[in-house]
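One structure, pasted below without further comment.
Lettered A, B, C and D in written order, each chain numbered from 1.
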Amino acid sequence: MLQQGQKAPYVRNRDSAFTVMMDVVIALIPLYFMAFFFYGLRALMLGLASAAAAVVSDVACTLLEGKKPYPRDISPLVTGLMLPLMMSAAVPYYVVISASVFAIVFVKHVFGGVGQSAFNPAAAGFAFAVACWPTQVFSYPAPFSAPPAFQAVTEGLSSSPAWNLFQGGVPAEDVLDLLLGKFLGPMGLTNILVLATCLFYLLFRGAISWQAPAAFFGIMVVAMLLFPRIPDTGPMSLVYEATTGMWVFGGIFMLNEPGTLPKRSSSRLAYGALAAIFTISFQRFGRVEQTFAFALLLTNVFSFTLDRYSERLLRRLRRVYLATRTKLSEKKSAQRA
Amino acid sequence: MKWVAGFFTRGIILEQRKEPALRRKLRTFLNANYAGMLFDSNLPCDGAALSGDQIIEIARLANIVDERDGLFLHEKLTKAKKMKIRVAVGDAIDDEPYVSSQMNPLLFLQKEAGEGLRLAAKAVGNPKIYFAVYKNLSDLDLKTKIPKEIDGVEVRRIHGRYPAEFRTMDDFDADGPTVLIGVCSLIHLYRAVYEHRIQSTCFVTVAGSCVANPTNLEVSIGMTPTQLFERCGLAEEPGYVIIGGSMTGEICEDPDHYLVGTMSRAVLALRDEEKKRRYQCIGCGRCAEVCPENLTPFYINRYIELGRYEALAFYDIHRCIGCGTCSYVCPSKIDIAEHIKQAKGEMKRRRQEREVG
Amino acid sequence: MLPEQNSAKRNLRSGLNLIFAQNPVLVTGFALAPAVVGTFTLKNGTGLSLVFAMVTIPVLFLASLLGMLPEKVPQFVRTMACVGLAALMLIPARLLARGIAPNLFDSLGMYFSSMALNSVWLLRAPLCQEKKPIWALWEGVCHTIGFSVCVLAVSAVRELLAYNTLWGHPLSLPAKFPAIAYAFAGFIAVGTAAAVLRWSIDRAHDVAGLVQRKRKKWRVGR
Amino acid sequence: MNTLVGLFSLLLTALVLENAVFSRALDLTALLVVPFGRKGVLLFGLILTGVTTVSSLAATLLNAAIGGWESVLYVRPVLYILILAVLYGLVCLVLNWKKKEWFSSHSMIITIAFFNCAAYGAMALTVYSGFSYLESMAYGLGLGLSFLLAAFLLEQGRRCLSICNIPKAFRGLPAELVYVGLISLSLYGLVGHQLAA
């Protein structure tokens, strides 16, 4: 025998953990392209710094745990690349670096590393950055203002339309600009069309499952249409919220992070719904302008519980099904006799 | 019931890779000293003249074993007769990749298979008869056509995704109690009735990425995999040899001395081109999405890894049919099915120990 | 009083263990609330250690004295007596705290006074009733040292990171993390400190085992 | 009606925004360390709820009685704790008299439920916020219930952590502390920028 240790089944799917995560990285590339288009080199440099910090701290943690680092595990890269996209392009380098180090060390590796994290690392990293430096994270440079790539940016920063919404006002931006992403906002997630493309790419590639985003976006859209929090019509409120809010990006990339997502499809639906409910109530009652990351952290607590209840329900249904089936077949045979 | 078993089934769509073995003619490869062994009987060599009990007696004399489950055919028929069977199905489902050792004989020995099924039906009290063949054979050759009717018997296609064999019963259940009999044993039954031949051969697919001419062979029982590979030719040195299907089969450690039997069904010589990379579980939950029994292999595997066997009962581990879909889809290449199999054995051992102690 | 509860060697050793190996906060998990929320500056940490000492040492001593009362006195009466003493000890503690920093009491808020009801003495007092007063006193001192080690270390690190100061003196560090002063960072800081302590104890055990084995080998070799 | 809405919103505030565990770490020891078991935690939470409700009312009454007498400042915390001790003594007397066996098996839970930071915190916070009698009761009730809410969330967390491959140094208390810390971080989105007092 030349090859040893093969276990059934002997034909395997071609997807590997590497390709699954690579799909997410590929889906993030257009967002970086948009960020580069709007803000120039600084956007790319922020992404690079954050990713490097994430990878380095991941390797360090792995070594500290006494394991061998595994170069094909690119999950820290995904976390590191997601983080700066949610922040302003003018954010100082130490913000993204410490956010990604926090995400990897205190959220991912404390709970056992890849696939076992109880909380979403990217969401926690962003929440940490917001808690530490809300002004730096939430004050944005204008698109095409070309912030310097390496120096600190201090001038020409102002708040985004999300701040207006948060204050209960209607944004003054043109709707077309909003749809095309040409407004003050997080560097990578202003263009909703690109985000939608990413969603379809990931769904088509099978990198994410449809249940959680379907429930999440369904409830979010209905809530935005029926109960706008600003004095405007439902459709306009939806446009404003969807373009300026982080929940569209979060519902595509962060909600579906495999480690924290429940495993059963029914509990995924419930999970998406729960995330939507928390996001909406955090929006209404919270004191932070972008609340999705916080709401997601709270939702993560219920991930395991939802799975457990789903399993319990399934067990009961299975037993009822089997019982009725045997009863039916007994009845049939009795009729024949 | 049918629509449940068809479109809405859970499982995986597999590349079947049955060609070219399926379209090639069934060949024989016999040991001279075994060929044509007959049993003594003064029953007539004519199916129409025999009664049902006589057919069962012949099956007993010919030592026919059903390749589906390894039972003796006469035992199976006796039991089926007692149960007042309404449907008898000739099973040529072959839903695992590479394996076509039931479909190929069905296609090339149509008369024998059809007559064999009718004989078996007569033995269990004349129920309705069908052949069952898997439907999702997407990569078949154009030449291979699976007819709607074989020797006057309707061929039913089993729809749905990969583990199809375990839910064949559901497809026929509507008509009443069903018995499934392997097509190969039906062919042997035909031979036993008309020629009084003892079952001394079995049908085996020799295939795999290392085999030069994948073929279905009728071989004498007791040949070794090495002999079969010599017959079909090896394109390259096999990485490993498998007896049985490519999804659920077992590794053959010693191809020079292993003896191919009725239950073997396929001998595959495979070689993985890529080095198999193992990852940590990323928790994607694909295993739970595809599990045909709707279990959650993710948690089962996690609890097995932690050694917490007491938690496994909650996840209904006993419902696992061992089809291997979870291991197939796992992007981290974890051998979930193997772990579950071992854990089941371990749990059984512990239970016995408790009962004894 | 049980004799084995009062062997000197045992009590000395178990007391010293309280400093690191059985640290009341980081290993056992007592008095977590002030250690988590109150420790965002070093001054606060010092204040907490002070009030902990002022409350725990006398109360454990009192508990041991109460142990000499007849069996008939119900347990809850003794507990009430201890609570009374703990509450009274808050007054001198507050006076002393003014000496450390004038606004210490306000900056600690309710955590200062709630230290009178810390779970260390609540859970240890019933056990101290079996001990001689001197050993109860020793246990109180060791608990205080263990608590202070944890609280001072955590609060120093948090002050450095959150305000870039130490005891109010500014130090220059590359970045300021204001959120480290919030409650959530307190949880994470104490959790990490507990992990670090456990990790270093494990390493220390490894080293000690290695040394012992080597010594044995050397002896056998001779 | 308005007062009712006000009371309810106060209760919710105490339950979520100023959650006893997640925003103030009150009673963390009882939650994480003391081996009560599931039933014990429920009992503990219920007793605690009763204690916080009654004691915050008592604190408000006391505060009205002693008023703004400045030199009483140093004595005030002492008085709060003495109120707790008196309440504890009363409850223990009654239980010792009526249900002696149950009391002797549950005396530890009762003791810890009376003497902890949450019971003290309820008194200090109601007085600090200047609530009326009804409001202080609602706040105390919310504070006690918030402990139960936190216990529920932590129960889910424990189950989740039990199947995680946590590094050896973090297993148990440290991981649970970090877990609570991250829930606390998620509630930061609701509470916003403020230091717990």
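Convention: a residue touches a chain if its C-beta (ideal position, glycine included) is under 8 Å from a C-beta of that chain, and two chains touch if they have at least 3 such contacts.
If you're wondering where the values come from, they're calculated on a predicted model, not measured in any experiment.
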(message) What are the mutual neighbours of chain A and chain D in this structure?
(response) B, C
(message) Can you check which chain pair, C-D or A-C, has more C-beta pairs in contact?
(response) C-D
(message) Suppose each chain is reduced to the average of its Cα coordinates; what separation in Å results between chain B and chain C?
(response) 68
(request) Let me have the rounded angstrom distance from the C-alpha centre of chain C over to the C-alpha centre of chain D, please. (result) 22
(message) So the centre of each chain is just the mean of its C-alpha atoms; given that, what is the distance between chain A and chain C in Å?
(response) 41
(request) Could you give the separation in Å between the centres of chain B and chain D, each centre being the mean of its C-alpha atoms? (result) 64
(message) By the touch rule stated above, which residues of chain B touch at least two different other chains?
(response) 299
(message) Among all residues of chain C, which ones touch two or more of the remaining chains?
(response) 182, 184, 188, 191-192, 195
(request) Identify all positions of chain A at which a residue touches two or more other chains, and write them in rising order. (result) 106, 110, 113, 116, 128, 131
(request) Could you run through all the chain pairs that touch each other? (result) A-B, A-C, A-D, B-D, C-D
(message) Help me check something: in the complex, which residues belonging to chain A touch chain C?
(response) 94, 98, 106, 110, 128, 131-133
(request) Spell out the residues on chain D that touch chain C in their complex, using ranges where they run on. (result) 22-30, 32-34, 74-75, 77-78, 80-82, 84-85, 88-89, 92, 96, 107, 111-112, 115-117, 119-121, 124-125, 128, 167-170, 173-178, 180-182, 184-185, 188, 195-197
(request) Write out the stretch or stretches of chain B touching chain A in their complex. (result) 12, 14-15, 17, 84, 97, 173, 176-177, 237-242, 246-251, 253, 268, 270-272, 276-277, 279-285, 287-289, 294, 296, 298-299, 314-316, 319, 324, 327-333, 335, 337-338
(request) State the interface residues of chain A toward chain B in the complex, per the touch definition above. (result) 1-13, 15-21, 70, 72-73, 75, 113-116, 209, 258-265, 268, 307, 311, 314-315, 318, 329, 332-333, 336
(request) Using the touch definition up top, name the residues of chain D that touch chain A in the complex. (result) 153, 156-157, 159-161, 163-167, 170, 174-175, 178-179, 182-183, 185-193
